[in-house]
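Can you read through this structure? Questions will come right after.
Which chain is which? They are A, B, C and D, in the order written, and residues in each are numbered from 1.
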Amino acid sequence: MITLTTAGESHGKGLFAIVEGIPQGLVIDLEKINGELFRRQSGYGRGARQKIESDKAEILSGVRNRTTLGSPVTLAVWNRDYENWKEFMAPEGCNTEERKVENVRPGHADLTGMKKFGVTDARNILERASARETAARVAAGGIFRQLLEALNIEVTGFVRSVGTSFDGATYTFEDVVKKRSAELAMLDRDVEKRAKKQIDSCKEAGDTLGGVIELRVRGLKSGFGSPMTYREKLDARIASTLMSVQAVKGVEVGCGFSLAEMKGSEAHDEIYYENGKFTRGSNRAGGIEGGASNGEELVFRVAMKPIPTLMRGLNTVNYNTKTPAKASTERSDVCAVPACEVVCESALLAEIAKVVSERLGGDTLSEWQKRYGELE
Amino acid sequence: MITLTTAGESHGKGLFAIVEGIPQGLVIDLEKINGELFRRQSGYGRGARQKIESDKAEILSGVRNRTTLGSPVTLAVWNRDYENWKEFMAPEGCNTEERKVENVRPGHADLTGMKKFGVTDARNILERASARETAARVAAGGIFRQLLEALNIEVTGFVRSVGTSFDGATYTFEDVVKKRSAELAMLDRDVEKRAKKQIDSCKEAGDTLGGVIELRVRGLKSGFGSPMTYREKLDARIASTLMSVQAVKGVEVGCGFSLAEMKGSEAHDEIYYENGKFTRGSNRAGGIEGGASNGEELVFRVAMKPIPTLMRGLNTVNYNTKTPAKASTERSDVCAVPACEVVCESALLAEIAKVVSERLGGDTLSEWQKRYGELE
Amino acid sequence: MITLTTAGESHGKGLFAIVEGIPQGLVIDLEKINGELFRRQSGYGRGARQKIESDKAEILSGVRNRTTLGSPVTLAVWNRDYENWKEFMAPEGCNTEERKVENVRPGHADLTGMKKFGVTDARNILERASARETAARVAAGGIFRQLLEALNIEVTGFVRSVGTSFDGATYTFEDVVKKRSAELAMLDRDVEKRAKKQIDSCKEAGDTLGGVIELRVRGLKSGFGSPMTYREKLDARIASTLMSVQAVKGVEVGCGFSLAEMKGSEAHDEIYYENGKFTRGSNRAGGIEGGASNGEELVFRVAMKPIPTLMRGLNTVNYNTKTPAKASTERSDVCAVPACEVVCESALLAEIAKVVSERLGGDTLSEWQKRYGELE
Amino acid sequence: MITLTTAGESHGKGLFAIVEGIPQGLVIDLEKINGELFRRQSGYGRGARQKIESDKAEILSGVRNRTTLGSPVTLAVWNRDYENWKEFMAPEGCNTEERKVENVRPGHADLTGMKKFGVTDARNILERASARETAARVAAGGIFRQLLEALNIEVTGFVRSVGTSFDGATYTFEDVVKKRSAELAMLDRDVEKRAKKQIDSCKEAGDTLGGVIELRVRGLKSGFGSPMTYREKLDARIASTLMSVQAVKGVEVGCGFSLAEMKGSEAHDEIYYENGKFTRGSNRAGGIEGGASNGEELVFRVAMKPIPTLMRGLNTVNYNTKTPAKASTERSDVCAVPACEVVCESALLAEIAKVVSERLGGDTLSEWQKRYGELE
């Protein structure tokens, strides 16, 4: 069974992941992992830090001569600017006064975390709560993607909206792969143009933007997840993994919230039998019925809130003095929706990989391929 | 640590749950549990079966003289009509031909489940996949509610919409408790009137309706859940438990999807300090920041799809003959949104109880109360 | 994946188990389960209670027409004497004064449990801590045995010693199956005769006896368990399940503790290749190398301490008054080693079933059989 | 809750561990961790490799300025000789022909692992199955020890025997701490002298030795672990963690296997009340009754088999050619019992820390200390 454990602070030595349960015999292309990391850092509307970094993954264990051993895979994404932060972050001893954060930022873990962990410096919270944690998940996602692709299971996604610039069109999986832009991961150039304008004006105003992301899984056969226990339900598991991504505040599958307004006669995907296969004329269920995949494409949508760190500073309080303050500004992104899209793909890849590993069992990739091939 | 394991088929002997980790010393009021079960079966728009049943919970273990022992609590909700179904369902041997279901119902687990479990009778799938499973979760929810109330943590909820009849007003926790109707669990009588009309006309048309449910948690202190690992995030855990409820297709926290359209300056809950406490002027985050409770009310909204079993029958296929057919009709509810609301409360109660048990540790209710009282 | 959850008090309504993850399509013979339960209650040296009871299992869910559905299987072993105990044990309300236990029994959970769970009546502890809990595990074991036998994996065991009457001979799996006596589950009639004499004289003296049990697994192919993570090691997992059985104080695999005295040249099982297979001349490792099964028979030995409830009463203290007392006597067995042997088999069956389910994945028995057949 | 995840190959870049759930506020002394690692590598009878290495731990995350943050702690023990092995082990690409191992070693994971993971080079198995994995566990053990010492819970251990040189004397916890030798971790100098002679003569003969290790826990209050579910039993959990240590083939608690020969009247620890406390005159139970700690010292004994890699080579087969061969010799230790003792302490520390974290809950060390202090 696959597990994913992550660790690491935003300005510490690096971000780390241990992935257990990858079968023996998967050939890993490190460049593909780095490609995912690159995409996580790119996008219109990102601030300075992202540009400096240029993350690379290093494999520390579990792989020999590019091939997985079946043992736990350790991944490191070293922080390039650790040298500059060592003085303030080193486990071995450091100056904890200088980079102290006391003005707790609304929308972040600062205030809650400080109370919970009994500290007076929000840096001790934000360093881990930071979205930089996702670098480890994206690196692991690069492994999961290669694993799933060996079974012809593909995951993609795109940005449906940034702020109020929304693209409501219908797209095939192919469309997403072909039309997705590098800048905002959107598919419609006109909507994207509007989105970029919104970003520009928010940047000027010291404000930020969120958006809606759509995720797709193609090639997952039917019967992953199960109606037999509530814990095994595929939609429940995916909802959890997506909601665990920083800044995500909503998850829906298929037509999601709009299903609540439809009548039953409009909402379900009728079943036909053609050319030796059960087929559907529609996919409003988003590929999941009764808590299991039904063989159609999985479709999930996710709402990302606007980044809670604003250059203009939200009203808050100094945690220690209790006096009014402007929230500390650790980062300066205006919009990180495309980055969030990458992270959501990684989170989804991880969960699909787990579900697949549990149903297939097995120790080697060739066993996985054989068993997967035998499923209907 | 609390765990909840459920079992049981829809027309089998009953529905069962084992709850581990309930601390010693909780006095259980069985009538309160039965009250939850009653509410799960009530509501405008329910069909015949629900009326016959009138579920009662029986405690089989873990409680002595109304007081929990600290040992696993076993709950049974016996099926009142098992005598009539015995002939077709008995574990000990039965007639499996007569109640065979072959016309797989769109929107249900039938088709997927039959392939997955290699059976030719959908009854072998639907008996467990049925929403009747939730009777066990609601019974357990009755225990969790009494446990959490001993810590002054309260959970409630209401129906925001049935079909297109939507109530967009703002309500306090108190409002929900006081104004919730018995029929549709709605708060606004005018909206409810419209909803009932929609239900009536759907009933005539052999159609069904879904809706939107809102859930609230009051009294949960800050710091439940954690930003430190993705698995511990409270919103991720709650999203999973809510999405695991039959027919739920979307989950959002706080302002959820509408946050994606807001600017950062509009989306976050600024922090103030008044009368010796950190306060907020708003609760758009729905009580969760950085994956942990922030001390505000938790607010979740859930989308329920329309019931997929329509009296008029959706188009489908006979699984075995592959010929076109009308979907089998096992139940005849038009709208089960109020029932789903009860189940969502139960699912939420279970997850909150788990999170609380992990942070408090402890073996007895008085330890729980002491430790909870000491949290900030 | 298979899980086993048990519940129930010794004099409550019954003992209960929910087993998740049993594949679809296993035909269950209830009589075989009852046979295991009967064996748990039998044996030379048992006191009165065991004779009255005559446990039977009832299947409450997960099985239809004798065949598993793939849904959670609920088992009940109803307590036949609950009617007599209802007055003192009923969850719905009862008299808790009359059967109060205050003289905490050495070797039992009484003292520790009372402190931990904050109670003044040891009955609130001993009812769950009692070895009667194992009735649920044995019933579940009956399911696991039938499941594993469908893969030609067999589990057996016997009593090597009672007190100082020790049988050190070498036995094949066949020997165990054929020669095991009903009275003490021993293989050598002379040793057994001595053991019975010891039991008789202990009975007269109001004393008790323990013993050593040996367990065998035949037909488990190589590669179950894994050297890749410490949690997956088969010997670690089995050690845990066996040590969890009431009264077990030691577990060893293969030659176990005597390996510590041997030289390396004497201790290991050299490898040969004959008739197209790797073979061994010996099995000192007990079928596990590097934390995984090596295809040889699994051999485990377990030490059971003498029953801690003595008719003559051990010295102790009244928990509430703190005055010296004789330990309460809830049961009157002299020797329960054969019963413990049955429970150890059940515990072993459960763990093997779990390990097998994780490696095979799959949803139906026929998938299990196919995949198991394909392993080397 | 505490979890421990390890990774890393014997001749790879290093050994790694992620520890989740360490509370905030523990000051970590890296030198103490290195002291544990040093002790793991020392001892009379070790071969060349151990001397070269001189392991040091590096903390990669979870600690800032020597103080834990409450976030996952990542530990690395870099392999000092990786530079020499890079050519044969690098994840990024390497020569896999030159260090190929085909003569599968009896007593190791080689044969089983090759079949399981479908490889023709035992190096792909042994690199992870190697006892070097324990370096990660020992490093983590160094953290757990410091955590538990902050609660005044101490763990120690010593070597009772090497081969047939057995020390059967009775020792207090103090004795162990004071008298334990650096060379063989034994307490009796005469026995140790004999043991060293045995090691010397084994070395000459190209043979190896195992032994028996005794472990102690002092200061653990009563009520850790639980009789309420079989999974929670402290002895079961500890048996698992100890059996997961490479080369361990037996585990017993208290008087263990000798309890099986005693009568009940001799085997249990009678209870008295003196000076306001419940006391015992003996500790044959090894500090655990009913699956929970009883406040006495925990006493466990473990059997380590002789190292399966002998300089003189055991008979085996070439996995690929199927021809007879002498087992490959990767290491040259004669006796690693003292090293195993250190690992067992680490494994025990990990499990105790997990059990403690579950009962205490809490996020900070000061919360832990307060709650632990309040237990009886």
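Quick note on the criterion: contacts are C-beta pairs under 8 Å (C-beta built on N, C-alpha and C of every residue); 3 or more make two chains touch, one makes a residue touch a chain.
The model shown is predicted, which means the values in this text are computed figures rather than measured ones.
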Longest centre-to-centre distance from chain D, chain (CA-based): B
Pair joined by the larger number of C-beta contacts - A-D, B-D: A-D
Cα-centroid distance, chain A relative to chain D, in whole angstrom: 37
Computed distance of Cα centres, chain D from chain B, in Å: 45
Two or more partner chains touched - positions in chain A: 5-6, 20, 70-72, 116, 128, 223, 226, 228-229, 363
Footprint of chain A on chain D - complex, ascending: 3, 5-9, 12-16, 18, 20, 24-25, 28, 30, 59-66, 69-74, 76, 89-96, 116-119, 124, 127-128, 363-364, 366-367
Contact footprint of chain A on chain C as seen in their complex: 1, 20, 70-72, 223, 226, 228-229, 357-363, 370-371, 374
In the complex, chain C residues that touch chain D: 5-6, 104, 106-113, 115-116, 125, 128-129, 133, 137, 161, 163-164, 202, 205, 207-212, 222-223, 226-231, 233, 235-245, 248-257, 259-265, 267-273, 278, 280, 285-286, 289-295, 303-308, 310, 312, 314-317, 322-324, 347, 376
